[in-house]
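You will see subunit A twice below: alongside subunit B first, and alongside subunit C after that.
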Partner chain A sequence: MLFTSYSFVLLVAATTLLYYVLPRKAQWPLLLVASGVFYWFAGPSFLIHLTVTSVTTWFAALRIGGIGGRLATALAAGKESLDKEGRKALKAKAKSAQRVWMLAALLLNFGILAVVKYANFAIVNVNAALAAFGSAEKLSFLTIALPMGISFYTFKTMAYLIDVYRGKFPAERNVFRLALFASFFPQLVQGPISRFDDLSKSLFEEHRFDRRVVLSGLQRVLWGFFKKLVVADRILPAVAAIVKNPDQYDGAFVLVGMLFYAVQLYADFTGGIDITIGISEMLGIRVAENFNAPFLARSITDYWRRWHITMGTWFRDYIFYPMSVSGPMLKLSRWGREKLGEGFGRRLTVYLTTLVTWFATGIWHGSSWNFVAWGLANGLAIIVSQECEPLYARFHRRFPWKGKPAYAAFEVVRTFLLMSCLRMFDTYRDVPLTFRMFGSMFARFDLARVFDGSLLKLGLSVADYGVLAAALVLLVASRVAKDRAGDFRSRLAERPAALRTALTFVLLLLILVFGAYGIGYDAKQFIYNQF
Partner chain B sequence: MDELLAILRKLHADVDFEHRADLIDAGVLDSFDIVTLVAEIDHVFDVRIPAEEIVPENFNSAAALDAMIRRLSDD
Partner chain C sequence: MKRFRVLSFLVAAAVLMAGTLWLVQRLVEPKYDTGIVEGNLTAAYYQETTGHDVVFIGDCEVYETFSPIALWREYGIASYVRGTAQQLMWQSYAMLEDTLRHETPMVVVLGVIAMKYDQPQKEAYNRMTLDGMRWSKAKLDGIRASMLPEENLLDYMFPLLRYHSRWSSLTAADVRYLFSRPRQFHNGYYMRVDVKAATDFPPGKKLADYRFGSNAYAYLDRIAALCEEKGITLVLNRAPLLYPYWYPEWDAQMVQYAKDHGLQYYNFLAERDAIGLDFSTDTYDGGLHLNLAGVEKLSLRMGSILRDACGVPDRRSDPALAAVYAEKGAFYDAMARKQRDEIARYGHVLGYGPLQQGDAG
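After this line comes the complex of A and B, so read on.
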């Protein structure tokens, strides 16, 4: 069930109606039923995966919580009799038992993810290695379908489990509540990857109907559909034409494809997240924001603080930090200082962890080498920019431009182009082809070829370009207005109901008139659904 | 505390670590700084900071960092 399908609109409408009509105690159970219905449409068998993950996570977390509770009781009972060493031994024993439960659940659930998502990728590479060594043997591929949203719900539930192990919050006792956290349908297929302590506050609260809140949520949903149907799906044919015909569209067309894909991906992903957050808002549920004007980032690290924020913080909190502060890494850090000197030796472990984290981020996006290359390229770019810090510092001492608007604009454009170049691994989905097209952008750059009428042979008419240009102006203007005067919807909420309703209808009308859909046109899958 | 301030100044010489209490909230320390700091604390104070202690409340100020180091070395 795509977000852009009539059945999804019907599901949301029916759920919202029942949510406010039924007794408030039934609100979160209703959301669990709605999530089950949503997931049933994706494939009834996928419900088994989701159930296994929810139940095993719930059970393991409950065991971890139970051990923690018994430890607290034992420590309280032995307050007088236990010395420092005795308390330490009790804590260590409990932690070790908790770790067993955590590792068992992590292994099982990441194991499921690894098998369904990465087994065939591993088989392709094993077969290639066997062929390279002259063997005629070949492993057979597994016929397993990838359950919808598995990367997202696995990450959400495993974060919950680790947080319970870390003692951040108590384990959830009700398995159905945990199942709803895992499966909450608006965010099941493309995030945001919410944390339990953040989402559960409003997910399980009882909510009264508030027309302003519902209308405001609906406005955000429509804004999301506007981005998806008017911008992302409209520009898609041009991106596809350029990417699928690399021999025809090389040189300056690569730059055009790169820029068009940046627009498509931004509108597609942020549009999808707007729909998710908007639906949640209609139900009174607060979902973490996933973007903060990423194309205004002034450095690559700044970009990753603004784009897919919940994914970035997940990798930071559950891979980058634990690995960086682990015993082996601290030992390596000491070794590095002794052998390689204070400076680089100190940075060595940070760089190593950065590369591992970005490798994981890359392969999380998809089981293919282009995503591995994309992840590692991001990690390398971050490391290079760190190593260049002294150089930048000297430059800024010599030329004190930092903070000036023109230099800030230069930083924004530089970061946008750098991230767009890295995204080519995602666009072309083939590592050698990506390098070839990147090279051709410089070797065969000829803007005249682009403007000789070729732009109109990419599946877009003059009218399409006009609609896209106007929509982009609207997108930029909305951001500028937000920066200058605050969130538009919050300000609109203070205005008369008639104006609010009228503007909502105008937005709906814009989508209906200018959206890329209709008879014979299939609204496209969101790009992030496939991850 | 002086040793801790010296470590912090090595990361960012231009920051007033003695008085600022928003090192994480204001983005003064990023994730690179934090893991470098953790390795430095392990090196200088022989105190291991586990991942669950890496939360803004423990890293927002030199005083909070100092309190965490004392607490962990007492454990």
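After this line comes the complex of A and C, so read on.
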């Protein structure tokens, strides 16, 4: 069920209506049912995966919590009889038992993810390796469908499990509540990757109907649809034309494609997240923000603090930090400091952890080498940027421009272009082709070719470009207004109901008329659905 | 008091929003004012102020084949053509059901060429046939039976969802015909006076299976049953057109069907010499459709069948009806004259829509 399908709109409308009509204690069970319906449309068999993940995570977390509880009881009972060593031994034994449960659940669930998402990628590479060594043997591909949103719900549930193991919060006792956390339908397919302690309170508490809240949520939903249908899906044919015909559209067209794809991906992904957050808001549920004006980032690290924030923090909290303080890394760090010097030796482990984290980030986005290359390229860019820090510092000492508007603008443009270049691995989906097209951008750059009427052969008419331009102006203006005077919706909430309603209706009308949808349009899934 | 104010606000807002959406929808809906005018055929029926003894139902082989004005003038038969482009059997059934909501004719003349289609064909034709129909269970069933996999019922219920992309190609006609469509037809007959002589048509390709599909038969059965239930005489016919090819095997099936169900079936293709059709002068597109000259010849033959075999009465003595048809006849003659003038002046007909700009009806 696509977010842009009529059935999804009907599901949301019916769920919202029932949510406030039924007794309040039925609210979260209703959401579980709605999530089940949503997932059923994707493929009834996928519900099995989701159920296995929910139940095994719930059970493992409950066992971990139980061990923790028994440990606390034992420690309390033996408060006087146990010495320090005895207490330590008890704790170690309990931790070890907890670790077994955690690892078992992690292995099982990441194992499922690995098999359904990466098995065929592995087979492709094994077959290529066998062929390279002259073997005629070939492994057969597995015929497994990729369950919708598996990367997202696996990450959510595994974060929950690890947090219970770390003692951040107690295990959830009700399996259905955990199932709802895993499957909450607005965020099932593209995030944000919410944390249990972040989401659970508002997810399970009872909500009274508040028309201001519902209207505000609806405005955010419509804003999301505006971005998706008026911007992302309208520019999509041009991106597809450029990317699918690299021989025809090389040189300056690569730059055009790069910029168009940046717009498409931004509008598509942030639009989807707006819809998710807006629906949640209509239901009184607070979902973590996932973006903070990423195209205004002034450095690559700044960018990744603003783009897909919940994914970035997930990799930071569950891969980067644990790996940084793991035994082997500490040993490597010691070795590095002894052999390579204090500074670089210390940085070596950080860089290695950075590369591993970005490798994981890349492969999480897709089971193909272009995503691996994209992830590693991001990691390398961050490392190079960090290695150049002394150079930057010297530059800024000599030219004290930092903080000045013109230099800030330069930093924003530089970061945008750098990230757009890295995104080419995602755009072209082929590593050698990406390098070839990147090269052609410089070798055959001829801007006149772009403006000789070719732009109108990319599947967009003058009217389409007009709508796109107007929509982009609206997007930028809304951001500028937010920075200057605060969130537009919050300010609108203070205005008379007639104005609020009228503006919401105008937004709906703009989407209905200028959106790219229905027969005649090749409306695509949200790009992030596939992850 | 507060509750009343809130309620009033909600009602006013709902009415305003619904009104705006309706207006925008009307604006972007295709007006079919020039070029392809067939999209207005279905809705034109609701402009009728008098009943009809005969209703023709089918595709272009009825709406470009029989002239109700000629039938009136020659036989005093009050008739209407409820046909649209590529109207499939399930759509003809919906059209019959819709007609029966307004009147019960004595005779229904059904074109059978659509029997060759057993499945929905093309979204554009579905829309031209069904968009103009007033909402009823018949329309809903017709839509459900007609939809292709990529179509959606909601798009029919809210045409804005289907036609919104026309915003970039709106013309003055979209504003001109915002509330009323142009008068283009003559009791459902789509007039063409131009001539393009028929040349050679390739013989029909050999088919693997000549049997009509079960879906088409099912709807023919439903049409026959509904006519029987309402006491309507059902007449089946195949228009005397050279293309699409009408296989003897298809004809045999219709002959058999008519025999099995006690219906009349006329294959006018076999009678074209007796009717006096000359495909060097009586067709406007090389034999695919008849022009006015051909239509009037065939209507003479059809009129005699309706009068003699079906007992359809002559209504010319009814002064109210005669007045209505006199006005219709004047419009008919004026359009024929206009088309002939344009052909004489420009070599071709400029348009098949209203007689002049702003001629809405």
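In this text, the second predicted complex is superposed on the first by the 528 of 531 C-alpha atoms of A that agree within 3 Å, B and C clash if a C-alpha of one lies under 4 Å from a C-alpha of the other, contacts with A are read in each partner's own complex, and residues count from 1 in each chain.
Throughout what follows, a contact is a pair of C-beta atoms (placed from the backbone, for glycine too) under 8 Å apart; a residue touches a chain by one contact, two chains touch by 3 or more.
Computed from a predicted model, the values in this text were never measured in an experiment.
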Based on the superposed arrangement, let me know which partner A:Ser367 touches: subunit B (first), subunit C (second), both, or neither?
-> neither
Given the touch rule stated above, what does A:Tyr6 touch, subunit B (first), subunit C (second), both, or neither?
-> second
Applying the touch criterion given at the start, work out whether A:Gln386 contacts subunit B, subunit C, both or neither, answering first, second, both or neither.
-> first
Pick one for A:Gln264: touches subunit B only (first), subunit C only (second), both, or neither.
-> neither
Could you say whether A:Thr16 touches subunit B, subunit C, both of them, or neither, answering first, second, both or neither?
-> neither
Touched partner set for A:Leu512, first subunit B, second subunit C, both or neither = second
In the superposed arrangement, which partner chain does A:Ser151 touch: subunit B (first), subunit C (second), both, or neither?
-> neither
Name the chain, either subunit B or subunit C, that contacts more residues of subunit A.
-> B
Overlap of the subunit B and subunit C interfaces on subunit A comprises residues none
Quick one: which bits of subunit B touch subunit A in the complex? Just the residue numbers, please.
-> 27, 30-32, 34-36, 38-40, 42-43, 48-52, 54, 75
Complex contacts: residues of subunit A adjacent to subunit B | 88, 166-168, 301, 305, 316-317, 320-322, 324-325, 327, 329-330, 333-334, 337, 346-347, 349-350, 353-354, 386
Show which residues of subunit C lie in contact with subunit A when the two form their complex.
-> 9, 13, 17, 20-21, 24, 28, 123, 150-152, 154-155, 160-162, 164-165, 167-168
Residues of subunit A touching subunit C in the complex | 6, 461, 463-464, 497-498, 501, 505, 509, 512-521
